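Chains here go by letter, A, B and C, matching the order in which they are written, and residues are numbered from 1 within each.
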């Protein structure tokens, strides 16, 4: 039981996909098991983070820019991989420390996320990208249709 | 086959849960498969790290404080999400780069951890918290009872 | 269905293991499911990153050295865990923010990696090490042999 989620991005941002994922699990009659999500790219990430205050996302993106500044920042003049633009290598650095794959326990078809947890695709590049997230559910399927 | 582990925390620290997890696997007759653990919070983390010298944990916590200092540090005056205290947003930053979910191969009911690996819940907030870790084992169950 | 991959390292470097993993999946008749890889060490990591330009790997290693400098760097004089050499504790710090376990969706026996994604073992220590990666495939096995 698997699918691919598509997210169109237009620069660094956190895109919440929690609702889309929950809807797919429901339609697929997932019952008890584990959901695996993997982003098929090396300059964008998946992340489970707070879904209440959008300032958390803004602060996270700004902090990542301070930890891994653009290649045209004087502190990053030593970078080698710069031919695709100043945002390219820092995007790979951010993607190395944020998750590429995440796993979520599923019980009775519902993701066991905490109250404040949302699933995000985090874009690190400046240019628009079409991002793919590969999803697999492993476990038991519901038999409610036949009840 | 799933459960929830509870850890009561009282400020930044690494709490080892390896023994508790191993006991649960044994009681549940887990045989061969994969264990998934996910923390249901956005300001605390799960981590597999060295279980021998406690200095490793102390150094890790201090380093995280240097990479993501509290909001009342002059270098962090740009943070927006500060209403819940100076330790709040840095906790989210630390939780973004340390794991929220981890997976451990299980063989004959035993976690395939290396000799020096322990499983830790890492608290990033100053105030006491009751943390939940959702656990699922996927795979074959032992038939030893009937042997 | 599980195995252990061995990688011999000789200092900080990224070792690609994508081909070895793909070959094992093929030989094992894996069909649809999820592959879990876990490194059994606390001073080396697993990582999915770009497999095209080797400068990405060089830049990543240099950046990690800047974020977590060796213990003999003046900025790291506060480190406690230093008895095993200046590269020891920084290796644990790097291993805390890079993945210890990764998951990859498998469809028809093929890893659903993106075009530019490779699987790497990242060594953080200076001395040679023999590293073990524990692998488990969960899912359906191919029946092509009996077709």
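Here, contacts are C-beta pairs under 8 Å (C-beta built on N, C-alpha and C of every residue); 3 or more make two chains touch, one makes a residue touch a chain.
Chain identities (UniProt): A, B, C = Secondary thiamine-phosphate synthase enzyme YjbQ.
Keep in mind that this is a model prediction, so the values were computed, not measured.
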Same vs different contact residues, subunit A with subunit C, by half of numbers used: different
Angle (degrees, nearest 5) of the CA superposition of subunit A onto subunit B: 120
Centre distance in Å when subunit A and subunit C are each reduced to the mean of their C-alpha atoms: 20
Subunit C residues counted as touching two or more neighbouring chains: 67, 97, 99, 103, 138
In the complex with subunit A, residue positions of subunit C that touch it: 32-34, 47-50, 53, 55-56, 58-60, 62-63, 67, 97-99, 102-105, 107, 112-114, 116-117, 138-139
Complex contacts: residues of subunit B adjacent to subunit A: 2, 36, 38-42, 67-68, 78-81, 89, 92-93, 95-97, 99-101, 103, 132, 134-136, 138
